[in-house]
Structure formats: C-alpha cells, structure tokens
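Chain nomenclature is as follows: A, B and C, assigned in order of appearance, with residue numbering initiated at 1 for each chain independently.
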Amino acid sequence: MNFIHLIDYAGTFAFAISGIRLASAKRFDWFGAYVVGLVTAIGGGTTRDLLLNVTPFWMTQPSYLIVTGLALISVILFGKFIIRLNNTFFIFDTIGLGLFVVVGIERTLDAGFPFWVAIVMGMITGSVGGITRDILINELPLIFRKDIYALACVIGGVVFLCCYEAHFSSTITQILSAASVILTRVLAVKYHISIPVLKGHDDN
Amino acid sequence: MNFIHLIDYAGTFAFAISGIRLASAKRFDWFGAYVVGLVTAIGGGTTRDLLLNVTPFWMTQPSYLIVTGLALISVILFGKFIIRLNNTFFIFDTIGLGLFVVVGIERTLDAGFPFWVAIVMGMITGSVGGITRDILINELPLIFRKDIYALACVIGGVVFLCCYEAHFSSTITQILSAASVILTRVLAVKYHISIPVLKGHDDN
Amino acid sequence: MNFIHLIDYAGTFAFAISGIRLASAKRFDWFGAYVVGLVTAIGGGTTRDLLLNVTPFWMTQPSYLIVTGLALISVILFGKFIIRLNNTFFIFDTIGLGLFVVVGIERTLDAGFPFWVAIVMGMITGSVGGITRDILINELPLIFRKDIYALACVIGGVVFLCCYEAHFSSTITQILSAASVILTRVLAVKYHISIPVLKGHDDN
C-alpha cells in the first residue's frame, strides 16, 4: 500500500512538473502554472471518474493538490536546476504513467464495466491530462504527434487483460501491466520508434 | 431498428472521417488521428450523457470504437480517394446529424427533463463533437463562423416539439424532425445562407 | 431571495457579455457568439455540478439561457455603446464573481464535501467559464497571465471558512465572503497588483 502511494505521488509530481514547466515557457503567473500543473496531474483520472460516474479521486483527499503545490514551489525555488533533471522526470513520469494505467483499469472493472471499456479508461487516465495541458497552453497536443505514449497505455491494458485471463494474482497482474507500459515507452524513446504520420489529406 | 442502426453507423463514420481528415492535415500520427476522429463522432453524445447523468452511450457497446477504426483504416488505405468523396460525406454527415439530434432529444425526454432542455441537448449532441475536434487541432471552431449547423439542430428540435404537441406517432415525429435538420442544412449550403457575423467590437 | 436572484442575473449578464464581446472580435456569427457567451456564464457552475454529481444548475430553469439571449441582443442592437461601458461591466462582473464563489461553496458543502473541496469549487465556479471562453476563441487563458481573478476566489473561500468557524450567521458569512472577493479584485486592479510570473523555464 505504502509503496503504491509513493509511486502515485511521484507520478503526480512528475506530471505536475511537466505542466508547470510548459506553463512557465508561456509566461503564466504562479497561479496559472499551478492550475496547468494540477490539470496535467489529475485531468485524466477526473475524466475517467466522470465517465464512470464515481466521485473524482482527488476530491476525497487533499494530497494531490498538496503534491502539485510542492511541484510549483520546487520550480519557483530551483527553476533551472529542475529543468536539467529531464531524464529523472522522464523516469518518474513513465513510472507514474504505468501506475495511472493500472489504477484506471482497476477502477473501471470495479465499477462493473467490461474489459474493453477498462482499456480505454486506462488510456484516458494516462493521456487526457497531457492533452488538456496542451489545450490550456494553446498548443497542438504533443501526444498526437510525437510519442507512443497513448499506445503504451493500450499495450499495458492488453497485458493486464492477458494476465487476468491467465488467472495471475492481482499483484503480479498489476506489476506486469505497469512494467509493459514503462518498457514500451522507454524502448520507443531509446530507439526512436514512433507511429506513422497519417497522410491522405491533400496538403500540397 | 436495423435501419436506425445503419444510419447511426453511417453518421458515426462520416463524423469520424471529418475528424481524421482534419487531423491528417496537421500531420498527426495514426493514433492521434483516431482519437480526433473518435472525439468528433462521440464527443457530443458523451457531453449530453454526462449532463443527463446517464452512462455515456459508447461505453455500453464497442461498435462506435470499431466504426471509427474502420474510418481510420479507410483513410490510411484510400487516402486521396476518400478526400474526393466530399459530397458523399456531406450527405452522410448531414443524415447523421439529423439522427443524432433526434437521439439526443429522446434520451433527454426519457431522463425526465423538459422540452427546452431536450432541444439544447439535441444541439449539444450534434455540435459538441465538431467543436472539440477544432479545439484539439487548435483551430477556431468552424461552426461558430461558417455554417448554420447548430441552428439546423435547433430547428429540428422545434419541429420535434411541434410534432409531439400535435400527438403525431413517434416514428413520424422522428422522421419529420430529422428531415427538417437535413433540409435546413442542405438548403443553407446550396443557397449560401449563413447567420450574420456579429459586429460591435471595436476592431479597427 | 429576490436580491440574490437579481445579482445572479446581473452576474450572468456580465459574464455573457464578456464572452460575446471576445467572440465578436473573432468575427463569430450570432450563434457562435451566443454559445461563447453562454459557456462563459454557465461553464464554471456546470463543471462544478458535474464534479459534485448533481444536475447542472441551468438545466432546472431556462433563465440563464434567456439572460444570455438578452446579452446577445444588447450587443447586436447597441454594439459600440456597450463596449464603452467597460467600467460598468467590470463592476457587474466582479459582483457576479463574488456571488458565484459563494454559491459554489454552499452547493459543495450541501453535497457533503469538506471545506477544502468547497474552496476549490468556489474557484472553479468563478473561473472555469472564462478559461473555456478563451479556449473556444483559441487564445491563452487570460486569467493565467493577467489578473488575480482566481486568487480572489480562493480568498473569498478562506473568508467563508473563517466566518463559518466563528459561527457567524449564514447571511453575514455570504456577504463577507462575497465582499472579500470583490474587494480583492477591485484593489488588485486599482493598484496593479498581480501574481509574479513564473520563471525557471530556459526560454532564452
């Protein structure tokens, strides 16, 4: 339990930092940066919970707002230093993503929906925060063009389904599913693997 | 029943194609294009269902996700050919719009809301998908500037109300309402009818 | 009761005008301007009600849609004259904000959530409409960069909490909380007080 919480907070922190950094590049004020960081961190889970018709997870305990506040303070105090920790944040962010996907799938199954909905919700949990962040800073959503971010979420969902069908224990299922998300993303970034760009529109 | 389903899928396909085409013009990858297509097709109905506090329609059966997948595959395989079918898609899209409006109105009345809410929900069902699509591709929403799209939804709602008050049968009411949406839009495009641009802001 | 309603309508009118004016600067048509005005006026409360899982407030009575319609008609008829009433609208808008924050807090407490959620909901009620307006007109949200708008909402929330803990009567609590929102915003604009811009991102 404690370990899961630790990863959850580290993931939230990393997601919040990514929002705050992009907001600062647009010269947002502290408050604006906080909101963008918060939306990046909790936007995916909030969308999922609204669709599942359950109380949004961050409304039951203030820790997500506090962790985002700590992320803001870190950037205010240690600005450029934080920026240079790019690789560290990539790790946090990716581990957080793996956890978010697993949490999203489990909450959906708990709410009584079938597996294909759970896989979609795992992806929504992992990616809607980043999409909303990019809308708020008025940019084209990054994950639609550069990363295999969302596809990694889908792969994690399929691995979860396979483990579940094979009657693996709940802990093993969680670990393998999260690990497949993390591994997919790390390999894709390392070997510059990306999804083909869609051609078809007559843009010459 | 079967005929309604066929129109529903044709409308979903046409809405998805419109999202995928615009995403491809922004050089989104396949996955990004799929998401934009899906949001265009299901965004309106999802917003309606969240406001009505019922389970979003696409979470009860996977067909909408599958139809959007077929739309993506069509664009990948037949790219430029699909683009040239502009008029065909205009027909599908407009018939789909008529159906979406009727479905939106009926779901709202079933949930126990008054008629004016149902008319608003018919419009939301028909137009929020396109608005969200334009936000995702970082453009000014098209329907606010160029079409009488949303007004056609309102007219369809008023026709539905009149038929209902006149105690027409449910089938006749559905057909006349959808037909009025389709007719309004076709006439507006054919005769270049549009809503006046708002002046008033001092933009010189 | 009547007085509260009057302020509520005045605030809705002022919020709607702010959306319609910005939409007209982007050459939206009448319908688009109406939608942007409506979203500005009811977007915050709708988001709050979805998160609280209660029926969105504007779906129980048509007055908010009517007030927004009156705002549109005013701009169509009295365009440039309305624009010059900048200061008048600033007053309406700020009084409306104070009321929206108090309504947001009370609805949240009524739904059984703790105080920190209520303060967040007060802020969401006051500011999400303006953020959505800026997304629809494809601009960086203004309140993230220029105003202490959202911070005024938080201060109003804290004052509400203090009055509540001090067992002040409900009326006094409402008035002091709304007054603190209004005072904060007026003083900030008068003395050009703003939140520091976040530095830290390497943007040279």
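Methods note: a residue touches a chain if its C-beta (ideal position, glycine included) is under 8 Å from a C-beta of that chain, and two chains touch if they have at least 3 such contacts.
Keep in mind that this is a model prediction, so the values were computed, not measured.
Interchain contacts join each chain to each other chain, per the touch definition above. Because chain B and chain C share one sequence, their contact can be compared position by position; here under half of the interface residue numbers appear on both sides.
Chain geometry summary: the mean Cα position of chain B and that of chain C are 30 Å apart. The residues of chain C that reach two or more other chains are 50, 53, 135, 138, listed in rising order. Every residue of chain B that touches chain A in the complex is listed here, in rising order: 20-33, 35-36, 46, 50, 53, 55-56, 59, 62, 65, 75-76, 78-80, 82-83, 135-138. Residues 50-51, 53, 113, 116-117, 120, 131, 135, 138-141, 143-145, 148, 150-151, 194-203 of chain A touch chain B in their complex.
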